[in-house]
Amino acid sequence: MKYIAEGDDVLLYLDRERTYQLRVKAGEQFHTHKGFIVLDDLIGKPFGSTVVSSLGISFYAMRPLIRDRVLKTDRRTQVLYPKDIGYILYQLGIGNGSTVVEAGTGSGALTMSLANAVWPDGKVYTYEIDARSQKIAAGNIDRSGLRPVVEMKLGDITQGIEERGVDAVSLDLATPWLVIEHAWNALAGSGVFLSFSPTIEQVMKTVYALEAKPFIEVETVELIMRRITVAENKTRPETLMIGHSGYLTTARKVIP
Amino acid sequence: MKYIAEGDDVLLYLDRERTYQLRVKAGEQFHTHKGFIVLDDLIGKPFGSTVVSSLGISFYAMRPLIRDRVLKTDRRTQVLYPKDIGYILYQLGIGNGSTVVEAGTGSGALTMSLANAVWPDGKVYTYEIDARSQKIAAGNIDRSGLRPVVEMKLGDITQGIEERGVDAVSLDLATPWLVIEHAWNALAGSGVFLSFSPTIEQVMKTVYALEAKPFIEVETVELIMRRITVAENKTRPETLMIGHSGYLTTARKVIP
Amino acid sequence: MKYIAEGDDVLLYLDRERTYQLRVKAGEQFHTHKGFIVLDDLIGKPFGSTVVSSLGISFYAMRPLIRDRVLKTDRRTQVLYPKDIGYILYQLGIGNGSTVVEAGTGSGALTMSLANAVWPDGKVYTYEIDARSQKIAAGNIDRSGLRPVVEMKLGDITQGIEERGVDAVSLDLATPWLVIEHAWNALAGSGVFLSFSPTIEQVMKTVYALEAKPFIEVETVELIMRRITVAENKTRPETLMIGHSGYLTTARKVIP
Amino acid sequence: MKYIAEGDDVLLYLDRERTYQLRVKAGEQFHTHKGFIVLDDLIGKPFGSTVVSSLGISFYAMRPLIRDRVLKTDRRTQVLYPKDIGYILYQLGIGNGSTVVEAGTGSGALTMSLANAVWPDGKVYTYEIDARSQKIAAGNIDRSGLRPVVEMKLGDITQGIEERGVDAVSLDLATPWLVIEHAWNALAGSGVFLSFSPTIEQVMKTVYALEAKPFIEVETVELIMRRITVAENKTRPETLMIGHSGYLTTARKVIP
């Protein structure tokens, strides 16, 4: 059992649409539209416990997972969906000790997911061209506690990658085809390349560029996620769904 | 750069349909339909390198990722797809140090993926009712090198879970609704429950059982993966696809 | 070439989101937010022509198709989508001269589509339990000019179907399983049964009821429609889509 | 009730995978792997009745629908799926009396569906460049009895369309973008253009060509059909499915 301690992040859960991320500090309060929470009440309780606001409303004090943190990142930048992040992590084949190059950092959503996967002995080198985005991402990553395995780099990855011998390169940017050669140079032999792109034109250019270099297992997929409503006599896929986020192209470097 | 050493597993890649997993031993040969490989030729080369068989056929010597190992597990037991495994790992919210209960072990495909995620400080407790399956899984897990973080348990998880305070419970078995109460008892507060089921009747029973216990964020989704053929004037989703593997139901334990 | 005449329905098209259905009457005007149209201007022009409003805005004067009329039916009742209506018409196997029983009438959207398919020698018998819905549907059907082949019946089809020897029975109602026996009695041998239902529980009950009677080719499908954005460097499936409207179950009557 | 008469086509149904199309002739037999049927036994029975072969095996004598005839067309040419044909018929907005230009004829599968829709007062002009295909299609169409409303034309539709003022143009050929101008010339104002294409490159070229001419409501969709297995405790989408047949692009002619 894990007990809530000072300095911990907690996700206050009211219902599916209303959750609040806070950091526990002794002697402080956290205000919501449903009253405030006395943070001392949280300390020493197990995660998952009930806490009651000043207005008598019950919340659950959840331990934030990476997927919770991803949902709380700045929404001005487009956020990847769980279906895509899970597939990316699995296809990259990373684990503790792996090294990954990522671009762009964006809000840090994927960065945190990658960092969690390579923790504690690996490293994520994440490139971002826009200083403002990088600053927002830095805040998210710092808060997640994963900063020790993240190296944030301000710069244009289409101009080159400095790292060598990395296990994986993961791209979510407008012109991935301009990074193919740099990715080949950066990857260890057998390393994994991945690119996420919303449009089919991006996919075409990326695949053609990959096929012009020593990459094998070049493959593009898209993932469609349907939520299912499960309730007595009402079980059915939800009416409205996200029809498309992006295509996922993967490949592996070989040495001819 | 990683160099191939004695004792390493290597995935010989001829083409997308023909790959061979072998363990490197000095002085030995590995025989394929395209001639044999002298394993001494591999030692000291970087992963991803080319190796030529006795018949002059070129192979690539790839480093096996978890996803390669999953594909090489015994096919007699149904194997989860990357789309599902990635989503499971991400939704479970696990990382180095996490503890997970899994059932059934099956071929060990998901077990290896979970073990890789919690490596090196976590633990996967995996229940299997069938001794023969467990033996096959043990072989796969041993070979992957992930055995130190896996505890294999022979027994019927519908009769109870011995562990307490675990971070996640992941089920892929015929009657998940019989495990809901045990899962609640085993989970730490805020811990994640996940169940993979092919049929909607299994989903209904599981969701109704979850809703009768203190679980929040009960949610069912299905993931559909489409492979895209990308080639000049031939770009299109592939004609034949896997239309359904299973539904994924998740929930989180709370303490009322 | 077809020329617009007095009494014709015209669909004024401003853009994809703004269309207006009107009936041409000499000497009258039709008012829109973009000014009014002098209807005399339309008479004698070919359909598809441009007409200019009093504010100088151009509209196209389109000939309304059944699918346009369906979109203009009362939206308070749920409307079937083109993907579903097209499939229904094709699976029912109807054409000029066919006889069809339908329930419920709803807004008349499917009724018009069926009537168009059996025109001019067939007949659609459409049952509706709610008088208010029937009245709205009657207005839509009258306007479409298809009334001569439609017989509107106020009543509860779960209590029985009066017709015999019909070519097809098409259901879009809450409890289709209560109509299976009546449908068998009403159908000619070899005739087609179809039911549209949003939930899987409805589908299960309907299929089990069909399998208990002399029906063959019992089959359930769902259709998913994705709109594709096609534009230079922006080609992709649309982000938001309708994930589910309903399941379509078909069967054919045999005489054992 | 419809009774089987000499000269009628009958679909003998053994099970979902084994059906046989035959024409009833007095005094003749029809041989199957399950024995022969005496065709005199069929005459005078209602469609949907049971008939027993010389080996004592029961068949159902079904009335062939257009969709049955489509399935029985020559399979060497690719066949459209019900999901696509239904959508095409509905989007074209045709009915008795409509005129349609189609290319290529292929096996005549869509031709029969179009002909059934415009019967008895309309006309389908169907272009085919390959004489051998046309001959096979002619056989299928003749057999269906729909020939009176079909005019078969041998020639290359990319060289021009002879008809004028038609209600709809429907294309299923390799280079639809070469037919856009001809289609505009052939269509009546407000008439509907439709093109079915497997690849996204075909779609792009077609859409760009449509947008360069006076067409509105240019829209591309794809339809995905999932079959659902419905059976006690086994209800689920089928494992294997057709992931893609083609994209459907529609538009309507305007007169600027």
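Note that the chains are named A, B, C and D in the order they appear, and that numbering of residues resets to 1 at the start of each chain.
We take it that contacts are C-beta pairs under 8 Å (C-beta built on N, C-alpha and C of every residue); 3 or more make two chains touch, one makes a residue touch a chain.
Because the structure is a prediction, the values reported are computed rather than measured.
Chemist: Write down the chain pair with more C-beta contact pairs when A-C is set against A-B.
Modeler: A-B
Chemist: Is the contact between chain C and chain D built from the same residue numbers on each copy (over half shared) or from different ones (under half shared)?
Modeler: Same, since over half the interface numbering is common to both chains.
Chemist: Report the inter-chain centroid distance for chain A and chain C in whole angstrom, where each centroid is the mean of the CA atoms.
Modeler: Distance between chain centres: 45 Å.
Chemist: Roughly how far is chain A from chain B, centre to centre by C-alpha average, rounded to an integer in Å?
Modeler: Inter-chain centre distance comes to 21 Å.
Chemist: If a residue has to touch 2 or more other chains to count, which residues of chain B qualify?
Modeler: 200, 222, 226-227, 232, 235, 237
Chemist: Strictly by the criterion at the top, what is the full list of touching chain pairs?
Modeler: All chain pairs meeting the touch criterion are A-B, A-C, B-D, C-D.
Chemist: List the residues on chain A that touch chain B in their complex, please.
Modeler: 1-2, 13, 16, 46-50, 60-63, 65-68, 82-83, 85-91, 93, 95-96, 113, 116-117, 119-120, 164-165, 188-192, 200, 203-204, 207-208, 216-217, 219-228, 230, 232, 235, 237, 247, 249, 252-256
Chemist: With touch defined as at the start, can you tell me which chain A residues reach chain C in the complex?
Modeler: Its residues touching chain C are 198-202, 222, 226-227, 232-245.
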